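Beneath this line is the structure, given in structure tokens, with notes to follow.
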Amino acid sequence: MTVQRKTSEEGQGDLPWQWQETKWRAIVNKVRAGRSLRPKTWKNGAQVCVALSFDSDHETGTLRDGEDSPGKLSQGQYGSRVGVPRIRRLLDRYDIRASFFVPAVVAKLYPEEQRALVAEGHEVGIHGWIHERNSILPPAAERDLQMRSADVLAQVTGKRPVGIRTPSWDFSQHTLAISREMGLLYDSSLMADDEPYEIVEDGKPTGMVELPVEWIKDDAVYFNMNRFSGLRPHTPPSAVLEIFTAEFEGALAEKGLFLLTMHPHIIGHRSRIQLLESLIRHMRAVPGVWFATHAEVAQYCRDNG
Amino acid sequence: MTVQRKTSEEGQGDLPWQWQETKWRAIVNKVRAGRSLRPKTWKNGAQVCVALSFDSDHETGTLRDGEDSPGKLSQGQYGSRVGVPRIRRLLDRYDIRASFFVPAVVAKLYPEEQRALVAEGHEVGIHGWIHERNSILPPAAERDLQMRSADVLAQVTGKRPVGIRTPSWDFSQHTLAISREMGLLYDSSLMADDEPYEIVEDGKPTGMVELPVEWIKDDAVYFNMNRFSGLRPHTPPSAVLEIFTAEFEGALAEKGLFLLTMHPHIIGHRSRIQLLESLIRHMRAVPGVWFATHAEVAQYCRDNG
Amino acid sequence: MTVQRKTSEEGQGDLPWQWQETKWRAIVNKVRAGRSLRPKTWKNGAQVCVALSFDSDHETGTLRDGEDSPGKLSQGQYGSRVGVPRIRRLLDRYDIRASFFVPAVVAKLYPEEQRALVAEGHEVGIHGWIHERNSILPPAAERDLQMRSADVLAQVTGKRPVGIRTPSWDFSQHTLAISREMGLLYDSSLMADDEPYEIVEDGKPTGMVELPVEWIKDDAVYFNMNRFSGLRPHTPPSAVLEIFTAEFEGALAEKGLFLLTMHPHIIGHRSRIQLLESLIRHMRAVPGVWFATHAEVAQYCRDNG
Amino acid sequence: MTVQRKTSEEGQGDLPWQWQETKWRAIVNKVRAGRSLRPKTWKNGAQVCVALSFDSDHETGTLRDGEDSPGKLSQGQYGSRVGVPRIRRLLDRYDIRASFFVPAVVAKLYPEEQRALVAEGHEVGIHGWIHERNSILPPAAERDLQMRSADVLAQVTGKRPVGIRTPSWDFSQHTLAISREMGLLYDSSLMADDEPYEIVEDGKPTGMVELPVEWIKDDAVYFNMNRFSGLRPHTPPSAVLEIFTAEFEGALAEKGLFLLTMHPHIIGHRSRIQLLESLIRHMRAVPGVWFATHAEVAQYCRDNG
């Protein structure tokens, strides 16, 4: 589509296949994976590290689009009313601490939910203001929203967040600079590796830790439904369990990191929380697995990577 | 897409990420889940409640779009000619009463079908006039169509409907007020919980029962086909049976409600009615399952929830 | 989408939810399923009837869109070069006669292919001129193309076709009149039943037999791929075999018809022809199955239905 | 869509259904499959030939669209940082030589990667400049880019490429002429057969070998994900293994060629490299399988086909 538009500008010399080498090199080098931060062994000699995360979008996916449909909003409320409690009970049952990335608007709508999570040892991290899309925001607005989001989480939970997952993993040209200005320990939105790495900006190491994500390890990819597009939950839970398990087994074989992104309003449903429990049982049965929050993993990697 | 459009209005202060807290709170609070109406036990001490429903859209999905394709209309006729009779025989074989949500135009096209359903103890509920989309209707038209739809069903079946499922679960800003004005017992179009709840409007309890639906528990999601979009029946019946069974098992474990939405022109096909029969056999084998119409469930929850 | 456009015309009284009853009744009644033509038993007392068909679109799907991509055209050539020979060998091995619906342009590109099919006892039926979409053609052009298509098939094969499958099952407001004018025995493009029926036009029986199709029983639905849309072959052959087998079993249980639509350039691939062979073996093992061409089925139903 | 546009030009006599026979014959005959080049037996009497290929698109899919998203670019970097090393280790473990098709921009970004591949006996072939789409390029630009791409590969690896896989298999009206002018041994972008064939241009044999591809035998088809379209990895690895295995078994039964296209940033993930290893083990267990690069297969077919 972009290409279609660009061909009409033909002759201006600025179509991608006409770009000078300096141009495409600059684009590629803007934000880049640097040295691996995978430690020799994980904490207490663990063989594999498991970092579970839940993006508590709740109603903000709908609000962000400027929509007010009671039906769509009720799907979001499900995340808080049903999803988070089920997830908390499950994590408690298997003695696991996880990370919840929470938009500021969600923290204001459900402050008790965030406080309870922190009280139980879970991490609450930055996930934007109202699940805005960074790459279409004015840069000043992105900076303002990201900083205010951290303030809201600190006020609500009493703990200042040390990491960010950009909403929709939509990492803009400015996100890294903002996160560095805020002194964040880690980002978790990029995909250049399975293992933690140091982010490099314009060729210079930043000291910031990336805990990489991937669509493969995301519940929404398989279960999302959009009435007016072609998105459908075509993949049955058993197939998703197959994929997640294979990713974990690969991490185990390489003594690496298995990082999984989920959403309370998606994974929280009865037919899906079962798959998460099956996966957790499978992983719990492995000797030497370290379940940790993203903040713990990032800190450990920065110290030992 | 909406966002795309909105960014061009930038500076007006009315982009979602610029909204004042009062604004997004008002949107979220318009229609909301209130107290749970899940009873301690179900009727006669049953362990789990199963509410099967069939949305008899037949030809109205095509008519609603202003289309006159004989091919598409024949798919709708299949719902009445083949789907409903198969469903009736199946429900009869397992002694189950279910709910059919029927657009007024369908009731006028097939009045005998509706009368036979009522004669066999099934419920016929409101499902719009011609499967119109409420959220793009003028409010007065929505009100007029919803009221006239109830009148048509009452004339055809001799029984005034007590509940509504909005077409396409498209619940507008005005739907709740109309349903309350009509004195309906329940709505079945929202998704904030797995269990019945009282609907709250602008912070005030309404006394109206919500029997929540979900795309997960809908046959169309997995089986729909649209020649000119990307919709395809990619999920085999065995996978749909896996999902429905897991949802039922979750309801059983929580002594809750399992509510399933189907469509005669979709589930009525040979390869799919088999999956419904397998599911029913599985559920029938559980001691203490209460199969009930939506009206019976709503009434029981209002009395005992 | 259509609805979107229509709301802008609001007030004209011609939105579907404003239509008078006479209007939507006329649309629904234009082409309709009449009396069932399912015979008491099938030929020679067979318990079930199996009608396999192959739509030999080959290059015409690409040409019809006015495209000249060598890559897309090569996919079409595969249908003739590889698909049809594999299908012929398979049908020969299991002693089955089937129906091939062939656009006139394909018949002219590959006349020997059509003659060989007829020589082996298969039926060649009408499938448009260049796989045009009837519903967007001027009526006179549709009539001209349909009649000329029959002439080309008669010239090429020496046998005048007695049935039609409209390209893409795109049955226009005029298709029935044209087919009746041509004195065709049957159409195979509509979906109001699993069993053969008499087509009714504006409330009047036409004597014409419909052999109904359905997306469920079509290989393209599961296997099609379109590089620039979301179409992907997400369904593995084993799942398609599950669906086709379940449809056949349903037909067997009801002593009915199992009609399957395939395409040489789709089903002809190595991983898919295997599923067709597995299905045929499964059906061949049933005592009392009648494999017949569409023309034979239609004639039998008109005589015995 | 194309058709939609064309109908507005109605009356001009140039709609596909109005085309003269000379016109559609010329389009079909432009580039065509000629005589089969499948040899009687494969090298050293092997029963089946397996040609594995990897299209190393890395960041060029993003650059080609003129995008600079750090997130999307990081997915591309994964291909080089993680995908290619895993693939090299796997091929080494099973003693297999394969073909890598590499855009010039990727060769310049990762020259060591290409040199290592060649050092290990793998083939590096042409795959465009920046993964441009040939069919929307000016012909002179296509020619210039294709020739310069070959030069870059020769400079980087020290070996001049003998074959091409067009980016996205997007073979234009001019691709064949350019490839012939360059004296290439083979193309691998067309789909008219499972077996190698000689390409025919306007009815005349060209001497150039086609090693045909197909979407069925492509990892991207099943695993691709696009955040803003409906593309999702709905197919679990076990189902993809089923499909690839069935295609190989078909090739084995016909003593033919099994050619598979993959991408390091797609197949390189932990849950997918496992499926490739399972497939390789399955094939390695067959006596008489010849694993070869595309160049070796093309040369063997030209000499023995």
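Should a chain be cited, it is by its letter among A, B, C and D, assigned in written order, with residues numbered from 1 in that chain.
To be clear about the criterion, a contact is a pair of C-beta atoms (placed from the backbone, for glycine too) under 8 Å apart; a residue touches a chain by one contact, two chains touch by 3 or more.
Here the structure is a predicted model, which is why all the values come from computation and not from measurement.
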| item | value |
| --- | --- |
| Common touching chains of chain D and chain A | none |
| Intersection of the contact lists for chain B and chain D | A, C |
| Copies chain D and chain C - interface residue numbers shared by over half, same or different | different |
| Farthest-lying chain, centroid of Cα atoms versus that of chain A | C |
| Chain centre separation in whole Å, for chain C relative to chain A (CA means) | 47 |
| Centroid spacing, where centroids are CA-atom means, of chain A and chain B in whole angstrom | 33 |
| Touching two or more other chains - residues of chain B | 230, 234, 239 |
| Those chain pairs that satisfy the touch definition | A-B, A-D, B-C, C-D |
| Residues on chain A engaged by chain B in the complex (per definition of touch) | 59, 63-71, 73-75, 77-78, 81-82, 105, 108-109, 129-130, 132-133, 136-138, 141, 145, 225, 227, 230, 232-234, 236-239, 269-271, 273-274 |
| Contacting residues of chain B [partner chain A, same complex] | 2-4, 6-7, 10, 15-17, 19, 21, 24-25, 27-28, 30-33, 135, 168-173, 175-176, 189-194, 212, 214-216, 221-222, 224, 229-231, 234-235, 239-240, 242-243, 246-247, 249-251, 254 |
